[in-house]
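Labels A, B and C are assigned to the chains in the order they are written; within every chain, residues are numbered from 1.
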Amino acid sequence: MAFYIVKRLLWTVVLMVLISAITFLLFYVLPTADPAALRAGRSPSPETLALIREQLGLDRPLIEQFWSFLRDLFLHFDLGNSFVNNEPVRPTLLDRIPATLFLVFGAAIVWVVVGVTIGIVSAVFRGTIWDRILMGGALLAISAPVYWLGLIGLFLFSEDIGKFGLLPGSGAYQDADGVLGQAHALVMPWIVLSAAFAAVYARLLRANLLETLSEDYIRTARAKGLSERRVVLQHGLRSAGTPIVTVLGLDIGILFGGAILTETVFNIPGVGRYAFEAISRGDLATIQGTTVFLALGVALMSLLVDIIYAFLDPRVRY
Amino acid sequence: MTRSRLRFLLLAMLAISAFAFAACGGDDDEDSASSGTTSNEEAPVADVPEGKRGGKLLELAAGDVDYLDPGHSYYQFGFQTIYAMHKPLYSFSPTDAQKAQPDLADGDPVISPDKKTVTVKLKKGVKYAPPVGREVVAKDVKYAIERFFTINVGGQYTAYFNGIDGAPKENSKEFKTFPGIETPDDYTLVFKLTKPVGVSFAAALVMPVTSPVPEEYAKKFDEKNPSTYNTNVVASGPYMIENNAEGKLTGYVAGKSIKLIRNPNWDPKLDYKPAYLDEIEIRTNASDANVAARQVLSGSKMILDTNPPAQILPRLERQFKDQFTQVASGGYRYFPMNTTLPPFDDVNVRKAVLAIFDREAAVKARGGAFVGDIATHILPPDFPGFEEAGGLETDLDYMKNPRGDAAVAAKYMKAAGFDSGKYEGDEEVFIVTANVDPGKAQAEVAKAQLEKLGFKVRLRTVPQDAVYTEWCQVPSKKVNMCGSAGWFKDFADAESMLVPTFKGAEIRKDGGNNNLGQLNDPAVDKAMDAAALLEGDERNAAWGAIDKQIMGLAPVVPFIWDKTTLIWSKDVVGVGNPYNSLVDLTFTSIK
Amino acid sequence: MAPLLEVADLKVHFRTDDGVVQAVDGISYSVQPGQTLGIVGESGSGKSVSSMTVMGLTRSPKSDISGTVTFDGRDLLSASNEELRKVRGNDIAMIFQDPLSSLHPFYKIGKQLMEAVRTHRDVSKAQARDRAVEMLGLVGIPEPRRRIDSYPHEFSGGMRQRVMIAMALMNDPKLLIADEPTTALDVTVQAQILKLIKKLQTELGTAVVMITHDLGVVADVADEIAVMYAGRIVEHADKRTLFDAPRHPYTWGLLRSIPRLDTARDHVLVPIPGRPPSLITKPSGCAFNPRCVYATPESRTTDPVLLPTAPGSGHLVACTLSEEQRASTWKGIVGGEDPA
């Protein structure tokens, strides 16, 4: 097991270097426009461009640039300075990370709890009217785009611009005091962000659980005289829930990227929002920094999932 | 576990490429980088409502300012804050878009008859905000302009000031003092120019760079590369950003918020700005324009940074009549035609293109009448020279019909030697535009117009960032027409509008070229040189005539003069400053 | 002595979208304490469903169950789910065909064994663990103290079935239902498992219902054998009688399709032609008649009743042929005559 984890860790490091290399290539070697020109502002002269190239080190050999990029990134976690306002990317990024983590993990908890509950109820009461209502609702939630759902949520339920002011609206996170206040401000974003995921998980779990409940070992569990609650919630869920853990890790990874929309609609100062601003202003250094961070998030979640999975399913340990 | 690993790699690639592609789809306007506009009011002096003193205003903005350093900022949103917290030599009041008001300066600039010396007197008693606190003197402006030319500070519009004797052509690594800026006493600045460009130089004294910077305080920040004065900037105007005893800005959180409070050392008697508000918070991450616009319109004590989303515009007239204004954006958008390459090397062919062109369709592609007026020439409405260039009318038969005129087009095609009235040659017209709307949509309109004349058109869409820097500004790429070009002025002077884009001497063959049509007409250049020396009405008349002269050569299809829509909450008395096309924080008040 | 388990006129019908499946259609049998009943039949004959019904495992909104199941003096069919749950795994235990899929893949076997006892008895974890080790040793798992922390996939097929048996016997059940316990195992292991079951039965005095499609399997262990076809018992006799004087053509077919040590090497194994009938639309008359080479016009119209071969005999057969016809036909078959 320890060997497996070490192996997996090393692989993650390799991945991170690869991702950094790809990011570097995309942003410095194959950019859509000359990074120096992007940074220089309006109608720069060739002399200004040359100076900026020198400043950014763009005149050095490619391999040397890549090396210093890697060195800065891994040794100092230095992501360079914003092309737009020259502020270093790292402190801003670090400042933005908690909001994104709070948003993403909060939403993950909401959707796992809601999705799993609905999945179990639907599976246990399969074929009944409840099953149909829940699965119909799930289908609706899956088809609703996050952005649209966010706007609808705000226009209906936010305290400032909603028809029925129930929950804090866009921008409330920033004004909130303390973790509780922030959590309160995040209630609507969590719901919006987790709706589709909860629906997917409910459907996934329902299908898995129905399949599992027809397994021989569930029959064994019943034959042993275990209560139905225990059969479903322990023996059934143990098997049906394991694949959920796999997708959960990856989905949280995806969500770091998907947070852009939610953070935009709800005006939450997170990494996604930071990336969005950078994109809309062509701030390559910041885009690159946030990309590396988000890729790191995905890679770490993937690592975590593989390790947890190895713990959960004894058959894959090696 | 190979499965999840593979899935992960795919995801990572997707994430990266999504950013990479998204990165290309940035802002539509390369040129909205700049500032400036004129009033859309008929009279040069506009009525601005009186306000009540006090209150706190919240501005919702989609993004951060570029810089707070007056020597570095070059975006209109940055200018909005800068004009509220600094006193440049001159600035524009929303009450008069044509003539700049002396701000730090005491009276109008005095230009010598040879146009090579400009003298500016300063007000006495203007003081810096804490922690500097001392009186502003002439050498502070001298330092401000000198530091502007360093790499560390990174001044971006040096071309307006490099006529000063001793100023380098480009930003230099070392800080240099300029013999061309003299401070005979604490309240007098004398600019010595190497060329007789005093008039346009004086007009440029409204730029934020003329705001004073105390050298003894700023030096330590300016020695860093890049300069950290940006987050330690000291105010001289009615407002300041909250800071600590060292001057470090505590009220500025990059990408989050800017908190402006009153500058306790500001003397209202030394300023034309009423500065009604006690406090202004600018939230620079009000991300979703749709949500933010609604929050402003239905909320209290709020303004929006700039244009609300298009779908809200029609509701403004109906529902929020007193909560918005429109100001001209002070620029024009156009389709430049490459005058050095066939088929557009023939003036008659170009005139035929102007004649056939349905400019109304191109305006529609950008969002319709709410976003701007159909252009009939180059200088935008209420801009110096606009009336002289023909105002909203035109004498040119090929510009008369905004929907296009096939008969006139045919006439010019015949004059160009195509007896059928259609193009018969085999030259292909190569158009480059952005791969996102509205750049893409408007270029498609252009393509359709050219095809009406029988041209074969090749339309290439590239990422927004690349349209200018990689294609349109690079003559060797042999682009026949640029599909998304625009030019917005920095200050109210026609010279800065017409010279970079139409003067033959401005063509840069090796890239960075802004004379996109590569118009190289000795008569035009000569007229520009002469007009540069003129002042007042004479000057406006001369530049208006140059506009006409250029339109006679038909190097571009101008099609829209942009307008900006500004909105605020019902309890706010919003005032738009046409100079900067944004809400003027020093004139806006709360009911 | 009162029977331990008495099943009377048990019917189990499932309502499906295609129609009502008459999986079990009126069967009766009884098992004495410590005795072994073999229930033999092809898949789909209702043998598994009937025993699952005894355990209450076929209860669902879509099943109709009638008749009586009396276990140890209690009526299980009318018992509540909770009462029934207390019987399951405690008084009646069950083992299944595929020992790998029947054990939960994610739990250590120790946990699964301990769970069986802790569900029904208030014992400490340590006690439960000791009991599990004891039972694993009893069923012949080497190093039970170490192996108790292994996962099912770490055992071979035969060992897994031993684990299943150990788990079934954790609570000293009075009745063990073994549903095809050897089918998924290879031949040598089959014999070991059967021997184990027999040994345990002798030692522990547990009654066994052995369900199989293979008469060979019950030949050794069963006291009585019931042959099921299409949801009915078609022949029921003590083991000796059933092997020596079978009276139902279907039983003949089963006997002719198994290899036997006491027949000549060149003896031809004859499979039963055709396939079991649909349990939704059964053939009229005797359900076996479409596959029966001795079918008469009468057997196509008359549904035969399970009757003693002679008054007072414990040998029961459901066939429209007369006892004389059956006796002489069997004699012919044993003599090497090919059926017409």
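Quick note on the criterion: a residue touches a chain if its C-beta (ideal position, glycine included) is under 8 Å from a C-beta of that chain, and two chains touch if they have at least 3 such contacts.
Since the structure is predicted, the reported quantities are computational estimates derived from the model, not experimental observations.
J.: Could you tell me which chain's Cα centre is nearest to the average position of every protein Cα atom shown?
T.: Closest to the centre of all protein C-alpha atoms: chain A.
J.: Report the chain whose mean Cα position is at the greatest distance from that of subunit C.
T.: B
J.: Please work out the Cα centroid separation of subunit B and subunit C, and write it as a whole number of Å.
T.: 90
J.: As a quick test, compute the distance in whole Å between the mean CA positions of subunit A and subunit C.
T.: Centres of subunit A and subunit C (C-alpha means) sit 54 Å apart.
J.: On a C-alpha centroid basis, what's the spacing between subunit A and subunit B, in Å?
T.: 38
J.: Where on subunit A does subunit B make contact in their complex?
T.: Of all residues in subunit A, those touching subunit B are 11, 15, 19, 22-23, 26-27, 32-34, 37-38, 41-49, 51, 55, 81, 84-87, 92, 95-96, 151, 154-155, 160-161, 169-171, 174, 246, 250, 253-254, 257, 263-265, 267, 269, 273-282, 284, 287, 290-291, 294-295, 298-299, 302, 305-306, 309, 316.
J.: Applying the document's contact rule, which stretches of subunit A touch subunit C when the two form their complex?
T.: Within the complex, subunit A touches subunit C at residues 215-217, 219-228, 235, 238-239, 242, 312-315.
J.: Can you list the subunit C residues touching subunit A in their complex?
T.: Within the complex, subunit C contacts subunit A at residues 55, 57, 81, 85-90, 93-94, 96-98, 101-107, 115-116, 119-120, 151, 153, 164, 167.
J.: Any idea which subunit B residues touch subunit A in the complex?
T.: 1, 4-5, 7-9, 11-13, 15-20, 22-27, 30-31, 33-34, 60, 62-67, 72, 74, 151, 154, 156-157, 169-171, 173, 225-226, 230-231, 253-257, 283, 285-288, 290-292, 294-295, 298-299, 462-466, 469-470, 473, 500, 510-512, 514
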